[in-house]
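Listed after this line are the structures, all set down as structure tokens.
Same chain, two partners: chain A is paired with chain B first, then with chain C.
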Partner chain A sequence: MELSRRSFIKTAAFNSAMAAAAVLFPGVTFGVWKDNNAGSSSITWKKTPCRFCGTGCGLLVGVSNDRAVAVKGDPNCSVNKGLCCVKGYHSVQALYGKDRLKTAQIRKKGKLVDVPISEALDLIALKMKETIKKHGKDSVSIYGSGQWTIPDGYVASKLFKGCIGTNNVEANARLCMASAVVGFMTTFGLDEPMGCYDDIDHADVFITWGNNMAEMHPVLFSRMVANRKEKKHVKIIDFATRNTRSSLASDKSILFNPQTDLAVANSICYEIIRNNWVNWDFVKKHVSFFKGKTDIGYGTEDHFKFTDKLNPVDIDGYKEFLKDYTPEKVEKISGVSAKDIKYLASIYGDPTKKVTSFWCMGMNQHTRGTWINNLVYNIHLLVGKISSPGNSPFSLTGQPSACGTVREVGTLTHALPKGVVMSAKHREMAAKIWKVPVENIDPKPTYHTVEMFRALDRGDIRFMWIQVTNPMVTMPNLTRYRNGAKKDDRFVVVSDVYPTPTTDIADVILPAAMWIEREGFYGNSERRTQHFEQIVPAQGDAMCDTWQIIEVARRLGYQDKFPWSQENYIEEIWNEYIQFHDTPKHRMAPYSLLKQRSGVQWPFVEGKETKWRFNAKYDPAAKGKDFDFYGKPDHRARILLRPYEPAAEFPDRDYPFWLNTGRVLEHWHTGSMTRRVPILHAAVPEAFVEINAKDAANLGIVNDGKVKISSRRGSVVMKASINGRGNPPMGMVFVPFFDESYLINEVTLDAFCPMSKQPDYKKCAVKIERV
Partner chain B sequence: MEKPDYKLGKVTISFAVICLLIVMGIIGNGLMGGDDTKSSIQSGVLIAATAGFDEKGAANFQRFESTSLAYLAGTSSDRNLEEFYSRRQYSGSPPFIPHPVDDQFGAEKDCLSCHQNGGYTQKWKRNAPVTPHPEQEMCRQCHMVKKTDQQFVDHDWLSVPPPRLGGSHLPGSPPPFPHPLQMRENCIACHVGPGAVTEIRVDHPSRGVCRQCHMPEAAHIEPFDRDS
Partner chain C sequence: MPIISYLATPNDGEKARLLSCLQSMDYCEAFGAENKDLIILVTDTPNEPTEKKLQQQLKALPALQNLSMAYGHSEHSNPHNSQEQ
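And now, the complex of A and B:
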């Protein structure tokens, strides 16, 4: 088909005409979007990590006329290599909901009224002073988030722990990855994964534990699928409690009864030892065995306390312990056939296969969350499949800076930017860097998150400042904590970007500059620190969360501890903060480099990122020829004997169903941002309850029919989804928690892992009725 | 291949030249920005925008080779640019899925049974558009089915207008490509065949080496200067 001169001219002319229409008549556009009147070539592209989830995809945000107008995947970012998910591609639209909070508000005679932001900051400082004077320093608290940037969390910790002297600093990451942290600390003595996302390109088999990655970490799931497509022999095995999109795309899906992952993990170890698949050389050189307390409780009562005590055991003691976990015995409680358990063991045990395990909330939001983290490490340690490319027990995070801010800066009651408040050495280090008297830092932790909200209810805490999170949707057993927060003589400050059920109960609302409206850093699941500059101006009076805290700190009289100028405070804070981590085990990249690159992994030593920790080949802090688990004094990782124990609440005659809660691909956490993104709301406009088709038929429930879900704590009525994108087995229902109109957390139970204090949102007992 | 739309073109060649001057003015403005980080990021973007084509050059050519002449020559008036952009939130955003999809879909790559190679679908009575990135199999990671047209709250979203068509440097010279090639390395997926959008379907589809004549849009390129 030759192109004739005539048709060529026609084409050129037509195309030019189209260009003419678009340029000369800017009102005439093809798009459904409104034109920003800057022309199609006016875009400049700026890098940032994505605002949603812990994957840490690199984005390029298109900016035109001081507005974010488009998104591309950042091809220079090794995390996502140019691909995003639907949330990432539309992330910038979350800046532009019509109801963005742009002015400060103060509750006066029960009504929120607009005030200048300086008046709100004055009132916050005044209330803090009064409350401390009347009720003591431990009556004021700050509750942040894994969406806090690193500087936000750092100044919060410095103000509360270093200046005021209270350990009332917590973050919603407690609800999200505390079990992962305690799992790492108990097994390895150091937090965060030893591997990195490159493991995805090297592994032969992926086993996902209670983890719907296709929806929750879609870009990483795509990367696994791409690896499988390229190499043919690669397998993805989904080990879960319900069928999901991940199950559909996996090579094999194995369902287990809730909570019995503990038994199956032990059974896999039993089989590995029975078949002599143990990597004895590795185990003898690098592993020690310990047994902890059992029958450890569920924390449902106020003032619950638990401290584990470990006793060393030998390999024979371990073998004896595993005798309760033969595949045949475990089959009976787990619902997983002995054959499937042996199959899983054979994969971990095959010396020719590189195995990566992934998990996230299924294992962390678990009343034995620390234990199940320990148990999966046991498997990898027994066969020595760890800290090398493709061999990786990989704990994923849910939030963009759960690692960067909450875990690395240590915005939890017991933690400091380096170490814990209980350690004199760590207190001294913090006091020195913060230039505060060491006596300021209280050696005793106060309240973990659930207990902090209980303390607010009881009146032990009277003032709470909530930043970047929405606890009046996310707290389990929500009714108690909402009533507590609303009590007289409680003062709640909320910094947020949109009205939420949490701003509804606020006494002061501070409008926050969101994400790329200020400068900051996140830290993702693979120890990658990611800088973003201020790309668009903040809207109205909206103020960066870091600067809000600095303003209040100065009003409290701590000007000298927060001396930075608004021009470069983020850089100054970074330079102060990284002094805490200045060793080859955790050194962070300099500011100038972070500004240039699409994220840098720590430990960053002599200009090099560390991709695999504890392996002398890759990690400059590791000594010796091969592996060095230097987090523990004996340089050995620990195999910990952790038994199966039942859930805090399980189905019975009155409440015969398991309730499982979680997210959907389209919505981020409580939906306060994603529901304001047109396509995300259009795709999933409201929450629903997934129910198995047979259960639905037995109860006379039809698709989209109304269903009442009730527990001993509360109930919610919502539409049924049968054979939807997720499909729970008989006896289980699943509800996403993003929708503030259906507060499923009024139904959930505030039981938590006694070691990590992380609540279990995946298991409680409910009854189901057709409405 | 007579398209009625082309009549519009006949009378507007000179008009187009004027437009070109205006466009160049806008481009010039775009290049004046004083931000020092911009140029390094932009050059990175440019490399990224075009690298995909070369990286996947073999695959793209293979795709061209395996596409039948009949398909290459195929036309239809099934879809136009207006519809194309009505499915997007900004130029380059992943479009939503305009037809119902079973949620329990089995392997997600079932989408590719129609959207990998295109062709007429009896079910929807039209030609399926072809995806430029069939190697990405988790389609619904980015492409959504809408369940409602209502908003949760109103929004104040603005974006730049879709890229101009044409934009040839000389009257009649091959137009540059006005969009990044990332995720869209395979030109023929969108620009030939009956599934393509009418206004951007090329009328010389049998020429498989698109970038022999079509270059990235000049807005991103510094003019040559011997002394610099």
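And now, the complex of A and C:
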């Protein structure tokens, strides 16, 4: 039976109502849906993780006649337990936009023309060879993504780092979670959260730090709300710089001035110590104290370098450091009342309450992103609320495989699938598994993302291959990097599924097989690896990103390093890759098991997943009776003394407003997929600037009226939203970045955290004018 | 030829009655939640006059407390964002 167009639309209508019901009534189920399926005898259902955010919801995709026609939440997936958000329910429609890229294109005499994909692949290999010959190995680069599947990132790293010998490998996850990584590494010595989503079922209080989970991680937010509904004492506290849907649904909303979360976190620690709420037994056994460099800069200049230096301190030194952060002092800079700071401290300090802190871009896209990650860990470590059910400092991710691919495979300039290029031991391991001479792997990192695009502008990089990402929308201070990429002697290859502002600057476009049109793996925020098989055929000449890289590698002469057949290359790559992680600290599940389950959490040891790391009760790698922070040589987690320092740019007389950028529920990142889903597009058809009603009145701006937002770098004109979904305080405006018609990143600043190199998209100074 | 889905909330104690009414109406498919007082209604009408008439009939249902639209589709598509079918 072929599913008719109207049946397809009715399914979408039903799914939308399901999504709305799930938001309003967490846990609601519709058993009749099974009956509905039963009538569709020709539909087969296949499991996959969702294509969009880092939550990693399990989906069941209904397929009829080689076409994905329906979606439902996978009840066997512990992440979402059958629930999806509105993007997930409509995700398969993103496969079938009318302007899907199905043929390769090469720019000839300034115009992109269709060519056979083999011709495009030949040209890419030729250009890479010529560029390396003329300008050296570090003149070619690849820029991928947290949407790269694990095999995509793995073969990219193997080709560029192992075969060509350049560390010019970066990914857009640098823009979204690098601060989380460096936060984990500096505090614990190992990356990724120690807890898991089960913490949501156990916690008594949730504190969200600059994190609009109701829109960005709606399924997890629904689980929090469901927990609160079930257990009346459970509270959600929203600590943020603007009012959002999350604020509305929380028990208490506390606003702070941008950047001052650093001061508030220190003040909470001050209060915990002052009130003797410290878990001294935990601290004495499991924590050490260190102080790093201060006044560390913002990276706005080319070739910026920074290396931290840590010196040990004792608890008295820590107490002395915290004297600058009494609630009364911090109230003056943060705008948070001393009473509210004391309230937050009392929650963390209450030994009877299990507390989970969630954060995402608000803390990570921050010129002191590493520091604020460290500071929230400080709070949890002081009170010993960590690595046990419900007690969890939890960094969320925004992309489906930022963890699985970028963090675990190591597709960043300094990283390898295990460890870093600077380590001889790690280079030797990589060389052995990759079967390349160890000398091939350069011990020196090259460029992090912002610097990589600066290098492209300067001409230090001449060739860039961009896969599964849209940097000509997402790079901060965008105009410079777009102009740089368009220079005559630069060669840019873009692999994508739809035309975007990034394909607009491409010399070659490769049509990519999207998501379930190929086999792959993602890794979500809770260390869960999720396999998906090819469920529907790729469209036209579209080719899996992994296979594109293999084809080019073979043309470059590395056939023996990429010997796999198209029949089972994903399995073969998985089996090669997991050799890097074959220890109890990071062992990964076998391919056969991943095919069966809706994800498996690592470390996967002796048939068991590890839900809470660093706790001997749950983690086979942890030694002793209770906690073991084995990522550090002394087996102790670190409390790091990190001060408040101001933002790189802040409002002044000429540019009197903060600009904050971010996302909306209905669109995923740059909107290149979700804007092609009619219902999502109809829900939020264009970007807008949220402005406080009093500011709007003062400037004569009305709802939907045109507003010009200008910074020292650029300007954009868009409609105003007053008292809309989000409501910034006076002196701040908020703009979502999903709409390529309004490139807000021409306005933002390319300042970054000197430690993580992650840009701050949440703070720069702008002026607002009625148009 | 609109297709619309709604969340239908019954008056207290009237879920079964409302579900039965909706399931018996032309152009309607109704699905009751297993664990909440909530019904999903999907309507598929052949033209605008029928759609208007159906909406009037729905509004007149005594067991119905509230009807919230979740999805609406007509044959007018967005030229920039249409789907390949």
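FYI, the second predicted complex is superposed on the first by the 731 of 771 C-alpha atoms of A that agree within 3 Å, B and C clash if a C-alpha of one lies under 4 Å from a C-alpha of the other, contacts with A are read in each partner's own complex, and residues count from 1 in each chain.
Simple rule for what comes next: a contact is a pair of C-beta atoms (placed from the backbone, for glycine too) under 8 Å apart; a residue touches a chain by one contact, two chains touch by 3 or more.
Everything numeric in this text was worked out from a predicted model, so none of it was measured.
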Of the two partners chain B and chain C, more of chain A gets touched by chain B
Check your understanding: Looking at the overlay, does A:P75 come into contact with chain B only (first), chain C only (second), both, or neither?
Key -> first
Counting only touches as set out at the top, which of chain B and chain C does A:K98 meet: first, second, both, neither?
-> both
Output check: A:P678 vs chain B and chain C. Expected answer is one of first, second, both, neither. What do you get?
both
- Could you look at A:S64 and tell me whether it touches chain B, chain C, both or neither (first, second, both, neither)? first
### Query
Does the superposition put A:Q559 against chain B (first), chain C (second), both, or neither?
neither
Where chain B and chain C land on the same part of chain A: residues 8-10, 12-14, 16-20, 24, 29-33, 36, 93, 96-98, 675-679, 681-682
Within the complex, chain A is touched by chain C residues 1, 3-7, 29, 31-36, 38, 40-42, 44, 68, 70-71, 73, 77-78, 81-85
Contacts from chain A onto chain B in the complex sit at residues 1-3, 7-20, 22-24, 26, 29-36, 38-47, 60, 62, 64-65, 67, 69-73, 75-76, 82-86, 89-90, 93, 96-99, 214, 218-219, 221-222, 225-226, 229, 245, 248-249, 533, 595, 665-666, 675-685, 723-725, 727
As the complex stands, chain B meets chain A at residues 1, 5-6, 8-10, 12-13, 15-20, 22-23, 26-27, 29-30, 33, 35, 37-38, 41-42, 44-45, 48, 51-52, 72-73, 81-82, 84-86, 88-94, 96, 103-108, 135-138, 140-168, 171-173, 175, 178, 180, 182-183, 199, 202-207, 217, 219
In their shared complex, chain C is touched by residues of chain A numbered 5-6, 8-10, 12-14, 16-21, 24-25, 27-33, 36, 93, 96-98, 100, 675-679, 681-682
